[in-house]
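First the structure, in the form of structure tokens, and then the observations on it.
Just so it is clear, A, B, C and D label the chains in written order, and each chain counts residues from 1 on its own.
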Amino acid sequence: MLGEGILKGLTETARNFLGSYVSKDRLTTIQFPEERLPQIEATRDFPFLVYDGTEWEAGLRCVSCQICEKECPPKCIYIEKSKDKKPDATGKLQFYPTTFNIDISVCMSCQICVEVCPFDAIKMNVEFEMSSEDRFGGLLLRKEQLAKSNEYYNKIHPTEATAVDAALAEERAKAEAKARQTTEAKAATPAPMATPEAGETK
Amino acid sequence: MTPMSGYLLLSALLFSIGLAGALTRRNAILVLIGIELMLNAANLNFIAFWRYGPHPEALTGIMFAIFSISVAAAEAAVGLSIILAVYRHSKTTDLDQMNSMKG
Amino acid sequence: MTITFLLLAATTITGTAAAMSLKNLVHCVLALTLGLVSLAALYLQLGAQFVGFTQILVYVGAVAILAAFAIMMTRSAEPAVLTGSSSFRVSGALIALVVFAVLGWAVWSGTGALAVLGPEPEAPVNEIGVALMHRFVLPLEIIGLLLTAALIGAGILAMDETRRTK
Amino acid sequence: MPEMIDQIFVLLKHWLLAYVPAALQPIVSAVLSVVPVLVAFPLLFAITTVLERKGLGRMQNRYGPNRVGPFGILQPMADGIKSLTKEDIIPRTADQVVHFLAPVMLVIASFVVYSVLPIGKNMVLANLNAGVLFFFAVGSMVELSVFMAGWSSRSKYSLLGAMRAIAQMISYEMPLVLASVVVIMAAGSLSTVAIVNMQAGYTGIWPRWYVFTPWGLTGFVIFMIAATAESNRCPFDMPEGESEIIAGYYIEYSGFKFALFFLGEYLGMFATSAMAITLFLGGWAAPFSFLTWIPSYVWFFVKLLIIIMAFIWVRGTLPRLRMDQLMNFAWKFMLPLSIINIVGAGVWHLIPAGFTRWLIDSLLVIVSCVLLSRGIRRGKSFHVRTYRFAS
């Protein structure tokens, strides 16, 4: 019969129409600013810089090695390396970035900077409400906007951050042990170091 | 000058415009439009004569105009489809270039 | 000779003259529509309501659209290179002028005899319908036949040749 | 008292006219009649857009607009401000004059048709002798403006959209006119006012609408389907198919001109719906004799809103038709059926009132409907479609 399918379709849409007023379960829309879905842990959007301790400028893990700048596919990272060295969180003298800019209007959230960073200094953020009225400067994040504490990192990506913290602690412990060893060795034999030790550090 | 002569002059002008177009333009579609214009000029005459004629209640002028409009519509449809068919053969609507008898 | 008549006559002449002289064919069709609509308005002014509306329905709704379709399908919207010799164009225009002169002279000299100016006649749709069904029933049938033949004929003419032979 | 409320607008106009000098009266009278129409229908357009978006949303289990104002009813205001403040872009290669004239002509043609639609008792702008003919004649000017818009934009998409739109409009205009012929036969007049007056009576409490006859019902259904196609609405929205040619003939329009196209399209839809009401659903007449105390214009707008709801419902349900399906449906089903319907109406008037003419007419329509639907399906194998990637 001509028109049978049309009638079937019409009843279906009518059922949807009426049903959506009766049962709220039909409506799958989340009304955004008021209602929010819980974020999953793997959420990521734009990178940020992690610092240890409370002073963001002193605690930045970044040593300005510029690997992320080179690896970034859309080239949205701009780093200026410092001339001098400053002690980092562990007290070791390191270079630091005098400028660290990320243009998040260019960033494509690929996470390659995070993958390549040898110091766990750059991580992915979850904050997405970053709209700006300034068309050119508003989305260019500077060092001070990018710096976030390690506690913040622990909050947004707990599992990952714990693993990173553990790895860093282990590394530091190892480095300390080694430093102690070398000072002890230095005390024992004042002779200059031999090649096998250099190989060992590699 | 009576009102009717105004209409008749207008219709004569319309007819001449249509005739000039049909004679001078090279595009087949425009020639057809020119012929339509001449038909319209005749229609205007019929209506004017019906309006100012001695027996408007007979409706003859109106009837003639109605029939003429329908004939014009049929003519336009057939004429344009002929133009389409010719265009498919010779890839042109220019009347000067439609000079080949070969299909 | 009222002001409305003069205005409508002016638009009619402008529209149709533009339709016959513009280079771009689509502009020609649009100008033709203007001319035909004002012609329909002239019919309305003369009291022939039915004919006026029929004029709009047939010419604007069908003939102009058909012409536009034909222009699109024959790719002749762009102004073509003028090939005709200018003497031919001049002679064509001359013939039209002569025709106008003759017609104008006939109108000028002949309408004195026909000065019957009765009250504005009525042409109600009812009466037109009755007349079509009684006095003019034979022409009506013939027109119907003609339109059917034109419909079928135009369809067959415009049909693809490959499909026609199948 | 009900009589006075019914005629309140007419009385108001006469009361106002009495204060105007006699020389100006024709002009003032025209303005007083035209302005309410120019206000009421764009307002209806605004209401319809928000209703449509909300209704479609609910049919798809969404909320629809609900932010601007309470329940989102101020959404059309926001839309209007947006389209007014947007930049008006004209393509560099476009035909400037024609590009400008197209939306203007569309809106004018859409408004002019309202002059013959009786909105209430004694409420019609122009009671023309050939009102229905006027409606279709002016309605056909819409096609020309569509062509102008499509051609002048110099865009492939807009030209394709315009060609599709015109082909579709011409094809469906035929069933539209032929479907209304049955009513003209019954009423014996082309005047819309006369047609409504014919239907305004009651037998017992039941109305004498033409839709309550076999030919009237068939005509109404054909008319509504053709009206859907005429106003380019889903499922006949091929000309503006968003997924293939983006927006069809008005793709190159932006800002206010785009809004004008939108307005013109909706006004056309209201006008054809109002014509369907006038022809088949008794115009401003109340559905039962005991409901006549409700003013006539209220009934008109209630009917109009119901038809608009039906349009929205259909739009939310049906998928878009393909070009060949569209044309086959118009020429092989709608056109023959509407011609048979005219024959049916003629037979109806020849047979004296009674059960026999109901039987004969219904049989004629049903049998031809079944046969034609078989014919349209012939040579096509309908099989259950299977999807490779859906379970």
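The criterion applied here is as follows: a residue touches a chain if its C-beta (ideal position, glycine included) is under 8 Å from a C-beta of that chain, and two chains touch if they have at least 3 such contacts.
Everything numeric here is computed off the predicted structure, so don't read it as measured data.
Where contacts are defined as at the top, ignoring subunit C yields the following touching groups: A, D | B. When every chain is represented by the mean of its C-alpha atoms, the one lying closest to the mean of all protein C-alpha atoms is D.
Note: centroid distance subunit C to subunit D, computed from Cα atoms, is 29 Å.
Chain centres here are Cα means. That of subunit B falls 34 Å from that of subunit D. Per-chain Cα centroids separate subunit A from subunit C by 76 Å.
Once the centre of each chain is set as its mean CA position, subunit A and subunit B turn out to be 78 Å apart. Judged by the touch criterion defined above, the protein chains link up one after another in an open path, with no loop closing it.
Of all possible chain pairs, the ones that touch are A-D, B-C, C-D. Residues 1, 5, 9, 12-13, 16-17, 19-21, 25, 28-29, 32, 35-36, 39, 42-43, 46-48, 50-51, 54-55, 58-59, 62-63, 66-67, 69-71, 73-74, 76, 80, 82-84, 88-89, 91-93, 95-97, 99-100, 103-104, 107-108, 111, 114-118, 120-121, 123, 127-128, 131-132, 136, 139, 143, 146-147, 149-151, 153-155, 157-158, 161 of subunit C are the ones that touch subunit B when the two sit in their complex.
Of all residues in subunit B, only 1-10, 12-21, 23-27, 29-30, 32-34, 36-37, 40, 43-44, 47-48, 50-54, 56-57, 59, 62-63, 65-67, 69-78, 80-85, 87-88, 93-94, 96-97 touch subunit C in the complex they form. In the complex of the two chains, the subunit D residues touching subunit C come out as 98, 128-130, 133-134, 136-138, 140-141, 143-144, 147-148, 151, 159, 163, 166, 170, 173, 188-191. Listing the residues of subunit D that touch subunit A in their complex gives 55, 58-63, 313-314, 316-318, 369-370, 373.
The part of subunit A that touches subunit D in the complex is made up of residues 1-2, 6, 9-10, 12-14, 16-17, 19-21, 26-29, 31.
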